[in-house]
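Two complexes follow with chain A in common, the first pairing it with chain B and the second with chain C.
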Partner chain A sequence: MIKAVSPPAAKTSGYRIETRTRASHAVTAVASALVIFLAALPSFAGRGIIEELIFVFYMAALAQCWNLLAGYAGLVSVGQQAFVGLGGYLLFALTIMAGIDPLAAIVLSGVLAAIFAVPTALVVFRLRGAYFAIGTWVVAEVYRLVFAQFRQLGGGTGTSLGPDITNTVFGIDWVKSMFDVRAPAARDIISYWAALALAVGTISLVYFILRSRLGLALGAIRDSEDAAESVGVDNWRVKLTIYVIVAAATGMIGALIYLQTARISPDAAFSVLDWTAYVIVIVVIGGIGTIEGPLLGTIIFYLLQHYLASFGAWYLILLGALAIAVMLYAPKGLWGSVVGRYGLTLFPTRRRLVVQKGALRSYRQEA
Partner chain B sequence: MALLETRGLTAFYGDFQALYGIDTMLQAGETIAIIGANGAGKSTYLKSIAGLIRGAADSVRFEGAPIGATSAAEIMKRGIALVPEGRRLFPSLCVEENLLVGRYGREAPGPWSLGRIYELFPGIKTRRNSASTTLSGGEQQMVAIGRALISNPRVLLCDEISLGLAPIVVRALYEALRHIKAAGTSMILVEQDIAQAIKVSDRIYCFQEGRLSLSGRPSELSREQIHLAYFGT
Partner chain C sequence: MAVWANALIQGILLGGLYALFAAGLSLIFGIMRLVNLAHGDLIVLAAFIILTIATWLGLDPFAAMLAALPIMFVAGFALQHLLLNRTLGRDLLPPLLVTFGLSIIIENGLLELFSADSRRLHGGAIETTSFALGPDVAVGVVQLLTLASAVAVILALNVVFYRTALGRAFRATSDDLEIAQLMGIDHPRIFSLAMGLSFIVLTIAALYLGMHANFDPTIGPQRLLYAFEAVIVGGLGSFWGTLFGGIIIGIAQTIGAQLNPEWQILGGHVAFLAVLVFKPRGLFPRTTD
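Moving on, here comes the complex of A and B:
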């Protein structure tokens, strides 16, 4: 990571590029404590809270994925439901037809989604800007229509996961005896942990990508595509790498979502509203191109849904109005406004220069 | 064998043909200048060499290998670095980061290091932690040259480095180019400022509406010949 931009010569002359700040160490400590607390939550929280949090976690993970794709790699896709649905269907296929354990099937769905992403990218990467966005949506519709053809997976009406599969998920007996709960509650706890792992995993993934050599390339591409090419960044390969990584993560999230609901249909699994439009709203409200933004957006989205869902259509109108208001008055999102005003960063990915003592002298000697 | 050579180089923007069969040659250690009026195809020529515009593989040869259809990133790795028109610094990076990112694709041994670049442009050393957007045009151009140099390229391509800068700044930049040349780096300069370009170049090529209208050593060419080749009248 640090080596990416500071070659051996620079090291001896006392310069180093760092991304960490003192505040970020504190954030790491607080975040670790929070994750431990959340992991222990099922031992004292009710099943209602657990189910709500599963939703929060997977929406946060989806938002991080879309943010990495659109906010950092400039790939504004409105077809990520293709990989949510693909992950969901792969989970059903792998568990029902191949008899694989659901948790292993989640991981495998991610791997297979990444493989599907390569030919998909070869098609949609030929398009630019708005055409790319529309192209990804069209591809997602193709996925939906194709999966509606599989009779073994319920065709157009969909199918369910039987209790013989959901109640035999890895570790369920241990959870049942540990927490003294019945099978459905134990299943929720396992899904909860998996969702927590995916949320933490995607945040860490984005953080480490941005701090790596790949992140430097992404920043350069975002600033100027031609100039990035001219310093040796292969834009196409960098974007393909991000697209495939995001597809894998999105596929795993999709698999988890449909393990939790235990029922899948093409219209729900490949829903542009649920898996892309809401996710875009979250990222836009929170702040695109930051790690904190999608997290803040997810919390706001959850609160709005929780308190306004009973208003029916008004809820969607309000959500849309809020997104438009944010775009007009805080185009960098709510977190973007915070950063602009207070310079606060929880996940520092900007590189800053650390000058060591004697560095200037060594330059003079070099000269 | 020439270090870099174009043979029958053509380039198109859609249906519009910008270059018609350009033959040029750059020997190792040499500096050549491409001059011509606006729209003559100078920048297109440079972008074709840098890989930002791709054409027939054989139309550009570097160290004997065809690179006309090679990607910009790969060409940069092989040792041809571009100082793009309009500097194109990375606004989200500070000055020193902008220099260091120049080594992203290629880290070759050679005369140029961060320290040597600061020596060449002492003015930007004092601003090394500043946001690149706060620099003056001249300083930005120095960073852009430094960013290309730091990878120790075999060939440095400079696209209109004097554009929009005060004469005193242009003189300072050309003084730096003399040092770069003395260090053994070959250069192709695309310029509208003929007087400056001629002074540092071993040979010049004049473009007119996508065609080569004149070439030769500066000492062998008269003002009238250059004037005619430049303006066409």
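Moving on, here comes the complex of A and C:
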């Protein structure tokens, strides 16, 4: 099995394994400052900006999730809308039927989505490659059709969250008095913080998974499934772990999205276009298999949507054409092109061998 | 009893339509492992082209379909030649994403050109003609013609595949691309011809799509799923398997609908997943991945 290299032992033998780079030290500082700034934003930004940023945060989180799944674990799923919709419906069920606080329900939806993901994985993991892609899509359709059967949740037409639920979310009184706003704006601020937490959380999750033992195993699988298996990586188990973690995160994001919109229907919640196609386009435009790529892709997608969405069908035609163009001319995405040219990484996950001065000579003498 | 017999017969006939949706997909998936996510939208596009030709020239849908065939063959050849051949390789993602993009472009292009209104291809008297097979079981002529066309298309594809030089090249590239290249097969051209052939088949499917029920620009992805289910249930590389797979999905849908009208689509999906749990490679696989 792969063992993490323990720093003290490594130091005496004259080399270290490093993942950090000089750029990444600066990034840690800038990113921390940025997160603090974003967290404080509601005290001076208007409601419009807050709502736009909620969208940016959850799309960025979804993009990170899909990237972890497809870019690192090789599980090209076209059915992640299954977990977005599941999370949304679980939030509605938990708050409407069980009377649970919406914020607690977001976390609980994630846990339940992970539980649902296990039997789902047992079915779709029977399939590989293209079959897996189609299989996940069909499973998402099954989820959509099954949730359309629940009369208590509005059946095929869907249902809404009443103000009795959305206006009693945890901390809303504090936000109302703190920022001196009315209930709807206070609700947005709480959703905003939750979305920020989820976006930062998924980025950190992906970063720490990739730097952990699990990340090493993923890298080995990506390079060669057979070779990974031969050095003791349990491919099936590693992929299942990633699938379930991603399902939990995706479920929480879905729950948040539908807490924010306060209205759910099977067709919207399980939409392949909104929750998978756009996400794939974001990841691929930005650069699959990197942490920076999906973030860059989200910003580009947001700008396109912000300035061009009023063109309706033409906007979508442009988006489709852009996806095709990127795949043909820059298959590693925009960030991939940056890495290829300048070797820049902001979130370093690659392990580099750093040999200390003189270590090589002393090693030779010993030998 | 009669209702179940009726559900079974209607399911088999519906399966003929799904087999037609699936045959073109089976062809290209079998030869070049290309996952064409735009296949459903291409069928809808073909239906709109047939509709346009029928309206402009005042033809009936069958004649309009024949007129559309050469256009669609050239379109398929060009699509593969100019775009899709550049995405093929070991990686699954490029063709997936390019055809996804294509699907979005076609759907929204059709919405711009034709609006979201439902259309239908009107075939005249045969639309309403049916035979009574028993007191409670009736079979529509269009439905019967669909199944007959599906069988004819499968037969024709088998003849092309196993009796012609082109079919030999198809099978060779499907079995082993590298060896086929060594034997002097110009595989980009073979792939382009295969896509052209696939477009011919999907144009025939489009005719029956338009005569069976209303269609609008947004229904493509659902048809794609039925088609893929038929291909995967039948097994990779077997055209008869695809026909059989289509019939299984069709029967599962009509039986689901018989149990509860809202369960029609669900029935097909559940049958698909059930087959995959027990036979992940489908029922009659001929080639391996």
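Going forward, the second predicted complex is superposed on the first by the 342 of 367 C-alpha atoms of A that agree within 3 Å, B and C clash if a C-alpha of one lies under 4 Å from a C-alpha of the other, contacts with A are read in each partner's own complex, and residues count from 1 in each chain.
Assume a residue touches a chain if its C-beta (ideal position, glycine included) is under 8 Å from a C-beta of that chain, and two chains touch if they have at least 3 such contacts.
This is a predicted model, so every value here is computed, not measured.
S.K.: Which holds for A:220: it touches chain B only (first), chain C only (second), both, or neither?
M.R.: Only chain B; A:220 stays clear of chain C.
S.K.: Looking at the overlay, does A:36 come into contact with chain B only (first), chain C only (second), both, or neither?
M.R.: neither
S.K.: When the two structures are overlaid on chain A, which partner does A:229 contact: first (chain B), second (chain C), both, or neither?
M.R.: first
S.K.: Can A:331 be said to touch chain B (first), chain C (second), both, or neither?
M.R.: So A:331 only meets chain C here.
S.K.: Taking the superposition on A as described, I'd like to know which of chain B and chain C A:129 touches: first, second, both or neither.
M.R.: Once the two structures are laid over each other on A, A:129 reaches chain C alone.
S.K.: In this superposition, which partner touches a larger number of chain A residues, chain B or chain C?
M.R.: Looking at chain A, the partner in contact with more of its residues is C.
S.K.: Report for A:142: first if it touches chain B alone, second if chain C alone, otherwise both or neither.
M.R.: The answer is second: A:142 touches chain C but not chain B.
S.K.: Do chain B and chain C touch any of the same residues on chain A, and if so, which?
M.R.: none
S.K.: Enumerate the contact residues on chain A facing chain B in the complex.
M.R.: That would be residues 4-7, 9-10, 13, 15, 17, 213, 216-217, 219-220, 222-224, 226-227, 229-236, 350-353, 363, 366-367 of chain A.
S.K.: Across the complex, what residues on chain A touch chain C?
M.R.: Counting only chain A, the residues touching chain C are 70, 76, 78, 123, 126-131, 133-135, 137-139, 141-142, 145-146, 148-149, 156, 272-273, 277, 280-281, 284, 288, 313-314, 316-317, 319-324, 327-328, 331.
S.K.: Mind listing the chain C positions that touch chain A in their complex?
M.R.: 29, 33, 35, 37, 83, 86-87, 92-94, 96-98, 100-105, 107-109, 111-112, 221, 225, 228-229, 232, 262-263, 265-266, 269-270, 272-273, 276-277, 280, 289
S.K.: For the complex, give me every residue of chain B touching chain A.
M.R.: 50-52, 71-74, 76-77, 81-82, 84, 88-94, 96-97, 100-107, 113-116, 118-119, 128-129, 147-148, 151
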